[in-house]
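Chains: A, B and C, in written order; residue numbering restarts at 1 for each.
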Amino acid sequence: MSTELVRKRKVLPVLTVLLSVLIALAGVTASSVLKESTSDSVLPAAAGDDLGDGTRLAPYEVVGGVKVFRLRAAPLSWEVSPGNVRQAFAYNGTVPGPVIRVNEGDTVRFIVQNDLPENTALHWHGMDLPNDQDGVPGLTQPEIEPGQSFTYEWKAISTGTHWYHSHMHGDQEGKGLYGSLEVVPRLGDIVAARDYRLIIGDGPLGFVFNGKSFPATAPLRARVGERVRIRLIGAGPEMIHPIHLHGGYFEVVAQDGRRLPVPQQMDTLLVGVGQTFDIVWVPTRVGKWMIHCHIFSHAETHHGMAGLVSIFNVDPPAVGLPLPLGG
Amino acid sequence: MSTELVRKRKVLPVLTVLLSVLIALAGVTASSVLKESTSDSVLPAAAGDDLGDGTRLAPYEVVGGVKVFRLRAAPLSWEVSPGNVRQAFAYNGTVPGPVIRVNEGDTVRFIVQNDLPENTALHWHGMDLPNDQDGVPGLTQPEIEPGQSFTYEWKAISTGTHWYHSHMHGDQEGKGLYGSLEVVPRLGDIVAARDYRLIIGDGPLGFVFNGKSFPATAPLRARVGERVRIRLIGAGPEMIHPIHLHGGYFEVVAQDGRRLPVPQQMDTLLVGVGQTFDIVWVPTRVGKWMIHCHIFSHAETHHGMAGLVSIFNVDPPAVGLPLPLGG
Amino acid sequence: MSTELVRKRKVLPVLTVLLSVLIALAGVTASSVLKESTSDSVLPAAAGDDLGDGTRLAPYEVVGGVKVFRLRAAPLSWEVSPGNVRQAFAYNGTVPGPVIRVNEGDTVRFIVQNDLPENTALHWHGMDLPNDQDGVPGLTQPEIEPGQSFTYEWKAISTGTHWYHSHMHGDQEGKGLYGSLEVVPRLGDIVAARDYRLIIGDGPLGFVFNGKSFPATAPLRARVGERVRIRLIGAGPEMIHPIHLHGGYFEVVAQDGRRLPVPQQMDTLLVGVGQTFDIVWVPTRVGKWMIHCHIFSHAETHHGMAGLVSIFNVDPPAVGLPLPLGG
C-alpha cells in the first residue's frame, strides 16, 4: 500500500464517522468527551488526525467484522530536527508508525508488507495472543523477506497502552519501526481531557520523542486544571530514561497497560526499553513547562536544549475552577 | 573440595532423603508439591539435581545442627555458548555457583576455599547477620589469600530470594563468582508449581542467564494454568536490564526477598545490579514464549537472537481447567 | 557573597536561635528531637553546622517575612579524595551547595550571583512555582551572564526532599552546581532520629557522594534501633545507580518528596538522574555497614573500595531496647 493511499484513506468520510461511533461505543467516557470537545481538545480523533503530539491514528477497514490495518515497512529520509535528516525505516511513511487504537474484544488483522531491503517481522508487545502471531522470527514464524507480506490476526484482550515494533534486531527497530498500540478497555479507561503519547527513541535517529528531536518535537497543549494523560513508551533500542516533568508532579496510573493498584506520585520516572507507563498530570500553573529526559546529554548540549525535550504550553482554565490550584 | 567430590555427594542417598524431608518440613506447600510431582515438575529437588533452569542445588552436611556448605573458588574454562569458551572464575566448577537453599532459622556455615590466583572474599547479599560475617574485605575481614580458606557462619533470618557473590571487585564477580541464596520462610512462601531462577550477568562472560548465552541458555518448561515462579537476580557487574516476558504479563510479588505489600503486574521489569525480584507468571497459551532483556544489543545480533534470551516451552495443562485462559 | 561571609553568618547567634525555633515550630517532631538530642545526634541543626554527612545548612536572613538566601556560583579547586583535586563549579564554595531547608508555606527568595566564566541559570527541581521562576534559560528566563545576578522568589508548597541545580547543561551541573532542597511539611514529616542525605554525582568530579569519593566520603553514625532517614538524590548528570545498603533492608517511604501510599522494603534501590528517595533504615547490628552503588566500577577498583561508597558506623543502642533486633 502506497503512502498516497494512506493519505487518501485518512479523509474517507465514512471511515471517519464509523471510527467516531466506535470510539463512543467503546465507552471512552463519551459524555465527558463531548463536554470537553472545544476547539483545542484532542478527543475524539479520527484516522489520520494529528493527535496533538505529532502522531496520527492508523486507518483501517472492517471486513467481516475484523478491523484490517495495513502496515508497509520501507526506507525513508526522515528529518529529525531542522536540517538533520537521517536514513530511517518507517511503517506507512512516519516515525513512529501510526497509532493503532482498537477496542477491547476487537478481532484485528494486520497485513504487513516488507518493502525494506532486508528481512523483518513484527511483534505485538504486551499482547496475550496465539503463539504463532507473536512475531518472533525463527521461533514463532519465518522472517518476512523483502517484497513479501505477512498477515497477523488476533483478538485484542490486553487492554491499555502497549506498542508494536520490529523484532528483527535493534538497529532496524531503532531506525523507526515502532508505534503505539492502544487497546481501549470496555470499562474503566483512564479518564482524561487530553491523551498524548511520547515514544522515546535513542537509536540511529538520535534522541527522539515521537521521531523528532527538540526543537522539532511537537509542542503539547493543556489547560490549568485538566487531567492530561501521557503514554510514555520506551522504544530504545538501548537505554533507560528518567523522564522529568517541570511544574509539580504527575501520577503514575498504569504500567505496561495494567492499572497500578496504588497509583504513585512523582516528578521523574524511569522508563526502560520495552516499558510503557500511563501518567496523569493536572497542571496548576499557566506557562511553558518542560517534559524531558533528565540525563543531561539526552536533553541538552552546550548550545541549549536538544533531543528528548518537549514543551507543554499550559493555558488558563476554560472555565472558572472552584478552588485555586497551586496556591 | 574437588569437583568430583561434589558429584559424589550429589547422589548420597541419605542426604537426598534428608533434604527432601527438610524441604517438606519447611512448609514449601508440601501437599501441592506432592500432587504436582509429575515427571516434568521441578519440585522438590535434591542436592545436585538440575533445577530445570541449568542451576543445581548445593549439597551440605549437617554437623552439630549446623548446615555446612563448601564453596571452592577456582579458575575454569567455561563454554558460554557453543564454541564460545571464556576464562571464568567459579564456585564448585559451575557458573553460577550452586544454589544455596536453606530454611528460615537454620544456622549455616560456609567453608570458602580460595584456589584463585588472587585474593577474594564472599558477601551474603541481603542477609541480616553479624558484621564480621558480612564479607567486605578491608572493612569486616581480611582478604582471603590464594590457598587459604575462610569460614562464615550465621543464622538465616532474612527470608526470600537473595544472592551471594565475591565482594572483591567487579571483574572477579563478573567472571562467575555468584549464586542464588534462597531462604525458605517457615510460613507464607510464594506458592508455585515451578521455581526457576535467572541470574543476569553482563561482565567478562558476555550477556548470560545462569552463565549461558542464547542459544545455550536452558529452555524452561511450564504448562498452561500453572503458577510459575521466576527469581530474577541482577548480578551485573555493570548494567540495568529491562526483562521482558512474551505472552501476556507477570506479577511482581517480592523484591530483594521481601514480599511486596501490593503485587504489581507488568510485562517488562527493570533489574539493576544487586536487585532480586520474584515474579509469578501463569501462562495462558501453549507455545514458545521468550523471556529476554529488551535492550536490543543484549538479546539480538544481526544474525538473530543471542545473549540474554531464554525460551519457555509451554505445554497444555495437565488437567482440564475450569475456565479458558487467554480467550 | 564571599565564602568568608558565609562562615561568619554560620555563627550568628540570633540566626541560630531563630532557626531552631522555626524548626521546632515546623513540627519536626519537636519532642522526640529534644529527647534524642544527645551529643552524637544531628537533630536539630543550625545554619553552617555539618549535618553529619558532609553537607551544611544554608544560612538565610528574614527580610519582611521572606527568607532570603544568597547563592554564589564560582569555579573552585575541589579535593574529591586525598590528592585527587578537580576543577569544580560550586555554590558558596562547597560541593554540593548548601542544604536549603525551609518550612511549608515559607516565602523564599534566592539571590543567585554568577561568578562563573560562563552563563548559568538555576532550576528548583520538583517545585510547584510560577513559570517565570522555574529557571529554564531560553524558555522561562534569560541566561544569567558572568558578573550578573538573578533573583528567584516563590512560595514553598511542594513538601519533602527535592533538589536545586544548574539547568544550563550537564557539564556545568556535573561540576558541582547542585544541592538538596528540603521543604519540611507542617504536619506528618518522616519521623527519624537521624537525617542524612547522599547526593550522587557521576560527572566531571568522578563518582561522588556529597562531592566526595571514598575514602573521603563522610562516615555516617547511627545506633542500633534508631530510625535513620537517608535522602538519596540522583544528581547525575548521566547515570542510574542501584544503591545498596548492607546489613538488612530499608524502607522506601517517599519518592520525589511525595510519601509512598504503600512504603516498600528492599536492600537495593535504583536512583536515576533527577529522582529523590527518602528511605528509612533501622540498624539491627553494631558494626561497619556499607552503603554503596552496586555497579562495581562505580564503587570498587582492583585496589579496593572507591567512589560511591560510604560507611555507616553503627553503635550499640543508647538505651536498653525491649526486644532483640536481628536475632
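One rule holds in what follows: a residue touches a chain if its C-beta (ideal position, glycine included) is under 8 Å from a C-beta of that chain, and two chains touch if they have at least 3 such contacts.
Since the structure is predicted, the reported quantities are computational estimates derived from the model, not experimental observations.
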Please identify each chain that touches chain B as well as chain C. A
Angle of rotation relating chain A to chain B [CA atoms, steps of 5 degrees]: 120
Please work out the Cα centroid separation of chain A and chain C, and write it as a whole number of Å. 37
Residues of chain A that contact two or more other chains, please. 240, 262, 270
For the complex, which residues does chain A have touching chain B? 123, 125-132, 134, 136-140, 155, 157-158, 168-171, 173-174, 234, 236-240, 255-258, 260-262, 270, 272-275
List the residues on chain C that touch chain B in their complex, please. 240, 242, 244, 246-249, 262-268, 270, 284-290, 294-297, 300-302, 304-305, 311, 326-327
